[in-house]
C-alpha cells in the first residue's frame, strides 16, 4: 500500500535544537509554564493517568459481570466501582480529552497565534483539573462514593453515607477548569486570528472546538450551582430538592441534565473536528461541504441546549413537554447525519491512503453511526420507555463516547504525534492497534445492545442468569479492547526515543500547524503568518512545494 | 526550513509598551481580548445564578403565601441600606477606574479603599441579617422552626398578621433555603471581589498602574458591577415583591 | 470440538438454543413497540450499510494506487440537501410513531383496574384494592387493563416490566401512573431500573399473569381481610376527617362523596380535576388546595400517614358515593368494621 508519509532523510535529519520542549529545562519550567503546548502535554499526561484508572475500574465491572451473582465484590463495592468509573471517565477524561490536549496544542497554531489569549488562566485550568482529580481520587481511596455519576437526589443527599460532598466539590472544581478552557478558546478564536484568517478559512477542528467551548462556558456553571445546592442540602440540610421539605427532586434532574446533555456534545464535538482534519488529509481533498460541516457543529451546540428532558421521559413529566423534547431530539440528530455523509463524500474522488489516524477515523465513522442511530431509538419517546435505564443506554453511550470520542482522540493523537514530539509512531504496530481496538470494542459493546433490548437494567451487580452469555461475550471483548488501549500507550512512549524523525509535514497536510517545525518553537511562529489560502487547499500546498523546489534549484 | 506561509509581517516591537504580553500583536488586541474574556466570564456567572433564579421562580409559583411570609421577615431597612451601600461602592469603583485611566494614583487608592469599606459594610449588614435569622430559627436545616409563621408575633404598634396554615408555613423553609443560597453565593462573590481589591490596593500603592496598564482594573470594575447587578435582582425578588399582600 | 473449552462450548450451545433479541411480548402494547423497534432497526441497518458501502467503495476506488491525484470538489448543495431531508423525514416518522406509542402507554383507559405500588429501598410493595398486599411480586389477570399508580417513599425507583415494554419511575412526593394489558399468561421479570443504592440489583421481583379465573382465586386466597377502601375508612375516621367532611349542610369541609373525577374551583380561582394526585396533595398540603367557599382550616397530615395509608384514603374517597356511613360514625362515634356499600371493591374475607 502506498502512503503519503514523506519523512526527511533519517541519516541527516535532526529534531530542531530549539523547540518548545527544549526551550527551558527543569520541572519548574513545566509547572509554571504559560506555553499552551506544554500545558497540552501536562494535560495529556494527566488525562492518560485518569483514563487508566477509569479503565481499571471498567475492567473490574466487566469481571464482576462475568457471573450472574455478585461474587467478585459486594453490591456496595460494585456500586462504588461503577460510580467512580463514570465520574472519572466523564469529568476527568472525556470532557477534557480532545479540547484540553489537542485543542490546547493546536488551536493557537491553527488560527495563527503565538499562544492562547490567557496563558495563565490556561495553566490555572490545569491546576484546577489536578485539584479536582486529586479530590476525586481522595474520595475514592477514603471510602468511595456510590451515587453513580448522576448524583440523583434524594439518594445522594439523604440516603448514602459515602463521600458525596468531596466528589461533588471535586467536580465543581474540575468544572471551572473546563469553563476556563472554553473561555480561552472562544476569546482566542475571536480575537487572535492571524491577518487574513477569516472565519471560513478556519480548519473545521477550530469550528468544532468553538462550538464545544460555547457549551462549556454556558452549560458548566449550571452543573456547578446544582452541585453546590446538593452539597448544601447534604451538609446543612437546605430544602431545594428535598421532597420532605417541599423541594422537588425533578428540578434537580432538569438542572443536572441541562448541563449533562450538552456535556455529551462537549465530549463529541472536538472529536468530530479531529475526524474532519484526518479524513481530509488522508484523502488529499477539501472536506466535502465545508460550511455545512462547520454550521452543523454550531447547530449541534445550539440544539444541544434544548433537548435535556429526553433523559426524563419516564419520570412523570408532562406528556406534551415530552412531545416537544422528543421532536427537538430528532432535530439534533440531523446535523450528525450531515457530518457523517459529508465525511463519506470527502473520500469521493480523493486519493486515499490508510495510515493509522485514517483507520481510527474509519472506526469512528462506523461506531458513531451506530451510536447515533441508536440514539434515535432513545429519542423516540415510545421506544425510550422500553430501552431507557437498560444496557441499551450503556451500549449507546459507549458507542458514541468510546467508539466515537475515544477513536477520534486516538486518531488525533496519532495524527499530531509527529507535530507534538517530532517523531513518528511505529506505523504497522499502530495499525494493528487500531484494528484490535475496533474489533474489541464491537465485541464488548454490541452484546450490550441485545442485553438492553432484553431488558437487563444497568447498574446491576447481580442479574438474572439468562443474561449471562451475552455478558460473557462482553467481558471477553473487553479484554481485547484492553490490549487495544495498552498498545498505543507502550509504543507511543517507545517512539519518544526511537521513532523516526518526522520533519515539518510528514502527512503533506495543509494546516498552519504543518507549515512550522516539529516540535514547534515556543512562540509557534517567528513572524505571524498572513493567510491567503483556504483550509484544506491542497493545490496551494502543491504550488508552495513547487515554488520551494524552484527556489532551491 | 522556513515556512513558506510565514510572510514577513511588519515588526513593531519597538513601539510596544513593556506590559504587552509577548503573544499579542498589538496592545489593542490584548485589551480587547481581556475585556471579551471578562464578558464571557460574566456570562457563565449569569448561568451560575440562573440556576437559582429558575428554582426561585418555580417555587415562588408553587408556594406563593410562604414566599410572601418569608419576605416579610426580612428587614426592608437593612435591605435598602445594603442596596444603597452597594450602589455607592459601584460608584466608587467606577471612580477608581476613571482615576486609573487618567493616571491619578491618589484617587485610585482612595477609591479602592472606599470600595473596600463599602464592601465590608455590606457584608457587615448582611451578617447582622443572617444573625437575626439565626435567632428567629429561620436557618433551613440547621435551625429552623416554621411555627413563627403559624403564630406570628405582633410587632409593637401593629396588629398581628394572620398566620399561615402549618403546611404552607413549612414551605417557608424552601424560601429560606433559596434566600441563603442566593445571598450566600452573592456574598461569596463579594468576598472574592474584596480579596482582589486588596491585591489591587497593594499594587496601586506600589504604583503598578501608573504606566496606564489598567486592564485588570477595568475588568475588575466589570466584575464588581456584575455582583452589584445580581444584588439589584436579588433585593426586589427576596425583599420587595408582594410585600404588602 | 475438543480444542474448545467445555465451558465456552456450553455457553455457545446455551446461547444458540435460547437466542432471543427481544423479551417475550406479553402485553397488548408490546407488539406495537416491537414494530417500531423493528422499523428503526431496519432503517439503522440500511443507514449503516449505506455509510459502510460508501466508505468501502470510495476507499477501494479512490485509493492512492488507483487515484494518485485527488479531484477537488467544493461540495454539492443538492446532495447535502438530500442527506439532510431524508434523515430528517425518517426521524420525524419515528418521532410521530414513538409519540403515539408514548401517549398510549401513559394514558390509562378509564375502565382499567387499579393497583397501587409503593417503592422503597429495596422492595416493591403492591396494594390491591381488595386488600391483597404483595412484596416484590405483582399478580395481574390476563386480558384486562391494569393501571398502576406508583410512588416512592424514599429515593427514585423505576418500575420496569420488559416483557410488557412499559416502565415508569416511582418518585418521592408525587404519583406517577402507567398501565398495561397482559396478553399472555406466565411469569415475567420485574426490575427496579433506576439506581437506588446498595441493594439496587436485589430490588427485583416477578409479575405473574394469571387467567381471570385463577386471578379470582388468588384474590380470594390472599386477601388480608380488610380492603384498601375499608382501611381508608378507618383512617378517615381515626384521623377525624369525619368531623368536617361529613356532607352535612353545616360541615366545615367540602362533601367528599362523588368528588373524585369532578372539577373543583379553588380559592385562588384555579380549576382542578380531582384525581389521585390532587387528593394526595390536598391531604398533605391542604392550604394550597382549598375549595372555594371554605376556610383554610384543614391541618396538614404531612408525616402522619404512610404512603400505603394515603393510597387507602385515596381509594376510599374514590369509591365514596354517599355520606351515610360517615354520618353514622359521627353520630354513634363508633367505628363500623364490616364491609358495606361505602367500601366498594372486592369483599374481604375476615380471617380468624
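Each chain gets a letter, A, B and C, in the order it is written, and its residues are counted from 1.
Heads up, the rule we're going with is that a residue touches a chain if its C-beta (ideal position, glycine included) is under 8 Å from a C-beta of that chain, and two chains touch if they have at least 3 such contacts.
Since this is a predicted model, take the numbers as computed values, not measurements.
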Next item on the list: Going by the contact definition up top, give me the pair of chains with the most C-beta pairs touching.
Entry: A-C
Check: What chain lies farthest away from subunit B once each centre is taken as the mean of the Cα atoms?
Finding: C
Notebook entry, point to check: Quick one: subunit B and subunit C, Cα centre-to-centre, how many Å?
Noted result: 46
Check: Distance from the CA centroid of subunit A to that of subunit C, rounded to the nearest Å?
Finding: 37
Margin query: Counting only residues that touch at least two other chains, what does the list for subunit B look like?
Written below: 62-63, 170-171
Next item on the list: Provide the list of subunit C residues touching at least two other chains, using ranges where the numbers run on.
Entry: 285
Checklist line | Overlap residues in subunit A, where contacts from two or more other chains coincide | finding: 246, 248
Note to self: List the residues on subunit A that touch subunit C in their complex, please.
What the structure shows: 1-4, 70, 75-76, 79, 146, 148, 150, 152, 154-155, 158-160, 243-244, 246, 248-250, 283-286, 288-292, 313-316, 319, 322-323, 326-327, 330-331, 333-334, 337-338, 340-342, 344-345, 347-354, 362, 365-366, 369-370, 373-374, 376-377, 379-386, 388-390, 450, 453-455, 457-464, 466, 468-470, 472, 538-539
Check: In their complex, what parts of subunit B are in touch with subunit C?
Finding: 62-63, 65, 164-168, 170-171
Check: Taking the complex as given, what residues does subunit C use to touch subunit A?
Finding: 11, 14-15, 18, 20-23, 33, 36-37, 40, 43-44, 47-48, 51-52, 54-55, 58-59, 62-65, 67-76, 79-80, 83-84, 87-88, 91-92, 94-95, 97-107, 121, 154-156, 158, 160, 162-163, 165-169, 171-176, 189, 191-202, 204, 285, 303
Check: Which of the residues in subunit B come into contact with subunit A in the complex?
Finding: 1-9, 11, 21-25, 29, 32-34, 36-37, 40-41, 43-45, 47-52, 54-55, 58-59, 62-63, 66, 140-142, 170-171, 173-174, 176-178, 180-181, 185
Checklist line | For the subunit C and subunit B complex, residues of the former touching the latter | finding: 284-288, 296-300, 302
